[in-house]
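There are structures below to look over.
Shared between the two complexes below is chain A, which pairs with chain B and chain C, respectively.
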Partner chain A sequence: MRENIPDDQLRYVGKETDRVDSIEKLTGKARYTGDLRFPGLLHAAVKRSPHARARILNIDISAAEKMAGVHAVLTGKELNYKLGLYLVDKDVLARDMVRHHGEAVAAVAAETPKLARQALDKIKVEYQVETPVLDALEAMQDNSRLVHPGLDEYDYFKPAFTPQPGTNIANQTKIRKGDIDRGFSEADHIFEREYTNPNVQHVPMETHVAVASWKEAGKLDVSTSCQSPFTVRNLLCVAFNLSHKDVHVEVPYVGGGFGGKAGIGVEPLAACLSKKANGQPVKLEASREEEFSLLPCRCGLTYQIKTGVSNDGKIIAQKMTMIWDSGAYADYAVNVTRASSYSASGPYEIPNAHVDGYTVYTNKPYGTAYRGFGHVEFSWGMERHMDYMAERLGIDPLEFRLRNALKPGSLTLTGEKILPSTGNVTACMEAAAEAINYGELTEEERAREKRTGRKIAKSVSALHKAPAMPSFTATAAELRMNEDGSINADLSLTEYGQGTYTALTQIIAEELKFPPEKIHLSIKGDTEKAPYDWQTVASKGLLMSGNACIKAVQDLLDRAYNDAAQVLRADPCDLDHDADKIFIKHHPDENVSFSDLAVGYALPNGQGIGGPLIGLGRYMAQGLTNLDKETGQGLPALDWTYGSHGVVLEVDLETGEFDIIQVASAFDVGKTINPQAVRGQVIGGMIQGLGTALCEGYAYDSEGHLLNPSFTDNKIPTAKDIPEKIEGIVVETPQIDGPYGARGVGEHSMIALCGAIGNAIYWASGADLTHMPIRHEDVWWALHNTDKDRQRARYSIC
Partner chain B sequence: MNMHTDFSYFAPGTVPELHQLLQQQSKSTELLAGGTDLLVDIRAGRKSPDRIIDIKQIEAFKTVDYSPDKGLIIGASVSCSELIENTTIQKHYPLLVEAAADLASAQLRNRATIVGNLCNASPCGDMSRALLCLDASLEISSADSRRSVPLNDFITGVKTTVLTENELVEQIRVPAAMADLPAGNRKLKRIKGHDLSLASVSMVRSNDKLRIAIGSCSITPVLLPEFPVTVDLEEIYAQTDKLISPIDDVRCTADYRKFMVNNYIKQLYHQLT
Partner chain C sequence: MRHAEKNNKGEKTVRKLSEFLKPATVEETVELLIERPGKRKLLAGGTGVSVTDSQQIDGLIDLTGLELDYIEEAGEQLALGAVATMRQLESSDLLKQYAGGVVAEAAANVGTTPLRNMITLGGSLAQMRVWADLPPVFLAVDAEIVVSGPEGEQSYSAVEFFSKHPTRLLDKSCLIKQVNLDQKLADYRGNYEKFAMTSDAYATVTVTVLAELNDGIVTNPRIAIGSASPFPTRCTAAEEALEGQKFSQELAVKAGKLAREEVKTTDNVWGSASYKSKLIEKLVKRNLLQIAE
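On to the complex of A and B.
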């Protein structure tokens, strides 16, 4: 929509714009869920399993219940509710069986947090410990113990997912394109390798927190730090059999989500505790340690890739097997499996493709959405694999990528034809390569090598991602004009740091021809007041809500023009407007101000015309279909955002230590709405990607205990870890159905960075790593020790 | 903030008052200086003191004093940041500044004290390693006794020291002879920002001798016997191998710790000889 307007005709779109929420956040005035005050508030605490897998023989809550000031004590026994986004497999509190270390088995609501913790100490749980299922590949074997013996009884979203009862496979996604056997038989070279990733925690600054009040007659109020108020509402209604009109979810400022708050988290337990406490509000706020294993993490992935390539460096066939370790529950993992399966090749054309994506239950903390939705993980393997093949073919890795890149006319794995307007991954790669002087060392870099004794190398990776969402995903925006001609806007996209609300303000301003200062978007989400949005996930917010805002402005202007036409006794087609008034084009002095029209126009004799000016805009994703369950063919992608990272780094060949000197990242954003916000997303995501690449990941012992559930031993990058030089580059191939041609870039900056780093380390040192994260120690093991020794180093993060 | 434990708080203004408080019976008393270890332990449930005695009101503990004949004195409440910014220490004991500047993060360095870092007695303490090299000793007192303990005898195991219940460390003393010496530090971390040491080495060249201390590779920081500067590197490696016992844990493998300790020794040896 509006994708071909020249820059010089745009007033606000494309211009550097300060964030609409910056002053409130910087002055500490922004209110988050934990800041809210409720009379009679009770504080929750959760008793968690010290075992990865155990039968619950008995839970004695009698002593806790007797404590003064304790208003509710719950165990799973009395909570006959099942939860699940796509596969309904999770209890609010574990019943009969605990399935991962840290799982909730009992909960308390008391008058103070300290009292709640003391009550927890009085709850005695008897467990019969069992051997946990910890390895996803072993969990797929026929003789594996089952994490969910009752899988056949669970309800699930049938159009998209295929659980396999009697196994640990929560879903299998199949993609079949061309003729894989013929492809391999025609190939001159076959390359086969396996790449792995551990669980990773999102670590938003604000941990999960919710306050719930279960009032009389099945009415439930919830304030929560979440990404998707309407999904939380819907899942609460389904789980508790409540009417949607009676469940009210409000979302104040949110301090980061990264996918960890995409679905439902602490809300159901807070609600059950409130119900038990006769409706008193109950606050459940996760500690940082609880974020690691009470709440979900990123899935682990084992990615097996077998590729057939011709002598001239064209990929002919590729078999891709993804084994997603979803941990104890399916949550978003089934959809991570689906979305990464249909993107599994990265932005390369594969004429004959065969993908099997498996979501596998294990006795580990459960996996959910995480920025990139599977693409960070599989791109690690795919981008490493591209360089692995290029070296053996004797082709430059960038050249190999360019030869195989998706371009107009190419067919994706699901048979979607790439159009000129889809985007340009080749331009992204070329821009990133140019920014890092790919292919040679500069004089400065050669001098640096001499000075430090370290080896410098460069690499370029490529990426793509489309939103993973139902084919019928929809949103809406509502505008209301105020007495002074200013605008209040409501939508249910959650602003949790992305900057989308600023971009939407610019879009509304552009469309209305009003300065952005006259427009206020309510940042607080509220299911009673604002119109529906599915979820704030998948980098689809700007495109979908941007379009809804454009349509809402059109709707409001239609009403305003109709009212003005009566006032001015003109035909609406002869009217135009500016920031203050509607006027007759050929008699501009004949005009009526927006402030006079805003809540209904009064004629000189007092008679009224029109009414409050409102505008509604709905937007439905266009032209998407389900995927065929046997072939995976169909149209799953709202839009593809392409990108590329160029990396320059240096390695100490003796110690394995390395430093990242430069990262240059290019993305085809369609159209930049706010350069500041693009920069923020590009740099922020790149640094989060560094965390995944270099240091983050869960470590377990052989019994499935999580060994590093805090920042002491789960390190994340700090300001000191930012590369010496960083650069964000935009390529702009307008998206025809994007607002002013824009597409999302929220997740993409994190994807394929890890592969670029792994490749540059290989080219600098020869350390050939296939597991993330890449710690200095791992490089040292790879350089100086045997394969068997190297396995030992995996002890840490696996 | 939610209090995790109930305790009585004292902030004595003089050392005798502090000694008096320490003489009184209590279930458990903790001294509070920067609090960067104590608060973490309380939150994690590892400690639940019924009395907390804040030592920051005591003027004498804020001392940083250097004289060419007496050497350096660091009072019990001197923070890492105060040490880092002290131009006298920068000039005469740059090793201490270097070690303190790589301890935790800027925010924590503003609170954490040098004496507290020693009393916490972690095997990976950053200040103990550097101060061992500098032959530091601790002035310990109670209501009825005073004693001076070499740092090498002070830390007895993981988080244990020779301090008795009614004693405290008033100050650290670093000999004048250790001033103005060539010295260096190396610390292995997982990120460039705030991290514990996975393995670390401090080395000082004192006349014709090398003093070397190693962190995070044993239950306490380890001071190697002095070596003549003419020593062969292999000899240092052999001694190191005998005296350290690094472990495999979630942070690092023993093999890499061992390798990096030797590598750091080599780097510092070449830097100082």
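On to the complex of A and C.
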């Protein structure tokens, strides 16, 4: 929508705009869930399993229950509720069996946090420890112990997922395109490798926190730090058999999510505790350590790729096997599997493709959505694989990418035809390559090599991602004009740092011709007051809510024009408006102000015309379909955002130490709505990408205990760890159904970065890495030791 | 690394606090410690106390009234008060000019700025964690550690002090009062380097090198390695190889190799023993080359 308006005709869209929420956040005025005050508030604490897998023989809560000030003590025994986004496999508290280290087995609500913790100490749990299933590949073997012996009894979302009862496979996604066998037989070269990723934690600044009040007659109020208020409401209603009208979810400011708050988290347990405490409000706030294993993480991945290529460097066939380690529960992992399966090749055309994506249960903390939704993980393997093949074919890796890139007329893995308006990954690669001076070292870089004794190399990677969402995803926006002609807007996208609310304010302003200062978009999410949105995930917010906002403005203006037509005794087709008034085009002095129309126009004699000016806009994904379960063919993608990273780095060949000198990233955003917000997403995501590329990841011991659940032992990069030079570049191929041509860029800056780093390290040093994260030590091992030599440190990230 | 199971118990802290004492002198502090042995804990910056999990301790002795936060010249020595923070150490002009700034540089590499505003010199030495940045530097400069206890003041050489954990070396009723640095080393060339996974991660390995260099001849070299093993190590064989020699690239390589042999490295989450050994070889060489520039 509005995708072809020249820049000079745009007032607010495309212009640098300060974030609408920055002052409140920077001055500490913004109120988060943890800041809210409730009379009679109780504090929850959670008893967690010290074992990865064990039978619960007995839980003695008698001593805890007797403590003064303790209002509720719960175990799984009395909570017969099942939870699950796509596959309903999780209890609120473990019943009979614990399936991962850190799983909740009992919980307490008491008058102070300290008292709650003391009560926890009094709860005695008897376990019968069992050997955990820790390796996803072993878990797929026929003789593996089952994490969920009752898989056949679970309900699941049947159009999209295929659990395999009697196994640990929670879902298998199949994609079949062309003729894979013929493709391989026609290929001149076959390349086959395996690439791996560990679990990673999202580490939002604000940990999960919810306050629940289970009132009389099945009414439930929840304030929570979440991404998706309506999904939280729906899952609570389904789990507890409550009516949607009776469950009220409000979401104040949220301090980051990154997918970790996409679904449901601590809300159900807080609600159960409140019910047990006779409706007193209960606050459950996760500690940083609880974030790592009470709450979910990014899935681990083993990615096996077999590719057939012709002598002239065209990929003919590719077989891709993705083994997603979902941990103890399926949560979003089944959909990560589905979405990454249909994108598995990266932005390259594969005429004959075969993808098997498996979601595999293990006895580890469970996997969920994480910025990139599987694409960061598989792009690591895919992008390393591209360079691995290019070297053996004797083709420059960038040239190899360009030869195989998706372009107009190409068919994706699911048979979707790429159009000129889909976006331009070639332009992204070319822009990134130019920014890093790909293909040669500058004089300055040569001098640096001489000075440091390190080797400098460059690489360019490419990426794509479409929103992973149901084909029928929907949203709505509501506008209300106030007495002074200003606008209050409501929608249920959660602003947890992306900057979308600022961009939507610009879109509303542009469409209304009002300055953004006249528009207030309520940051607080509220299922009783704001219209529905499915979830704030998948980089779909700007496109879908942007369209809903445009439609809401049209709706409001329709009403305003009709009312003004009566006031001015004119036909609406002869009217136009500016920021203050509606006027007759050929008699501009004949006008009526918005402030006079806002809540209904009053004639001088007291008679009224019209009514309060409101506008509603709905938007639903158009033309998408389910994927065929046997072939994976169909239309899953709302839009594809393409991108590319150019990386320059230097490696010390003796020790494997490396420094990233430059990252230049280009994305086809369709149309930049707010350059500041795009820059924020590009740099922020890139640095988060650096974290998972270089240092983050879960470490377990042989019994499945998580060893590094803290910022002490699981490091994330800080401002002092960023590359010397960072550049964000936009390519703008308008998205025809995007608002002003825009498409989302919330996740993409993380994707394929690690591949670019791994490739540049290889070209600089010869260190051939297939596991991320890449630590300096890993480079050293790869350079100076054989795998056999390596006694992987007990605490290695795996 | 802590085992996660321990983390399940919730906040770790001094659970039953019934006394908060703020003495004005060192002597008074020692008396308070003697009065109820094992029951009272010293509180300086608070970063250690905040992770102390103890059922025994019920009193805290605040050291901020002792005026031990000085960094000053005292005759032949630089005296560092035990309650001086890492931030003070890294910002001190006296320390920046002392032996190539190794003490200031080590302090600047501790944790993050908010932590450095809290962590004190004495607290850091008393806990002597594997990853502590200062012990190897003090070992390199032959610092003297002054401790006050029931028997009065006692001074330890760095070699003695860092040979075992302070809880095994010192009486329970002691406090670390001061660290003395020999001013004779002030003009030595020196370099400190920390190798860590991220800028605020605990060190995998730290290297401190010091030497005098006259007409290219190395005298009084000192090399100390931290974090690679439970206690910091002086590399005496490497130092001997350097002493009196004309500095060269080859000499630096040789010293690196010798230093590598001298440290019995151990595995931890920050690196394998073999990688740490490699880093020692390389970092010693690199830092020697840097001080010779």
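Assume the second predicted complex is superposed on the first by the 793 of 798 C-alpha atoms of A that agree within 3 Å, B and C clash if a C-alpha of one lies under 4 Å from a C-alpha of the other, contacts with A are read in each partner's own complex, and residues count from 1 in each chain.
The rule we apply is simple: contacts are C-beta pairs under 8 Å (C-beta built on N, C-alpha and C of every residue); 3 or more make two chains touch, one makes a residue touch a chain.
None of the values given here were measured: they were computed from a predicted structure.
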Message: By the touch definition at the top of the document, which applies to A:T112: first (chain B), second (chain C), both, or neither?
response: first
Message: As a test of reading the superposition: which chain, chain B or chain C, is in touch with more residues of chain A?
response: C
Which superposed partner A:D558 touches (first chain B, second chain C, both, neither): neither
- request: Would you sort A:E654 into first (chain B), second (chain C), both or neither based on which partner it touches?
  value: both
- prompt: Given the touch rule stated above, what does A:P717 touch, chain B (first), chain C (second), both, or neither?
  reply: both
- prompt: Is A:A699 touching the first partner chain B, the second partner chain C, both, or neither of them?
  reply: both
Query: Of the partners chain B and chain C, which touch A:A45 in the superposed model: first, second, both, neither?
result: second
- request: Identify the partner contact of A:E777: answer first if only chain B is touched, second if only chain C is, both if each is, neither if none is.
  value: both
Field: chain B and chain C contact sites that coincide on chain A, given as residue numbers
entry: 117, 654-655, 694-695, 699, 707-708, 712-713, 715-718, 720-721, 775, 777, 780-781, 784, 793, 795
Task: Over in the complex, which chain B residues touch chain A? Could you list them?
output: 2-4, 105, 190-196, 248, 250-253, 255-256, 259-260, 263
Message: Could you list, by residue number, the parts of chain C that touch chain A in their complex?
response: 1-5, 7-11, 112, 195, 197-202, 267-269, 271-272, 275, 278-279, 282
- line: In their shared complex, chain B is touched by residues of chain A numbered 112-114, 117, 654-655, 694-695, 699, 707-708, 712-713, 715-721, 775, 777, 780-781, 784, 789, 792-793, 795-796
Task: Note which residues of chain A are touching chain C in the complex, please.
output: 45, 47-48, 50, 101-102, 117, 120-121, 287, 289, 293, 652, 654-655, 657, 694-695, 699, 705-710, 712-713, 715-718, 720-721, 775-777, 780-781, 784, 791, 793-795
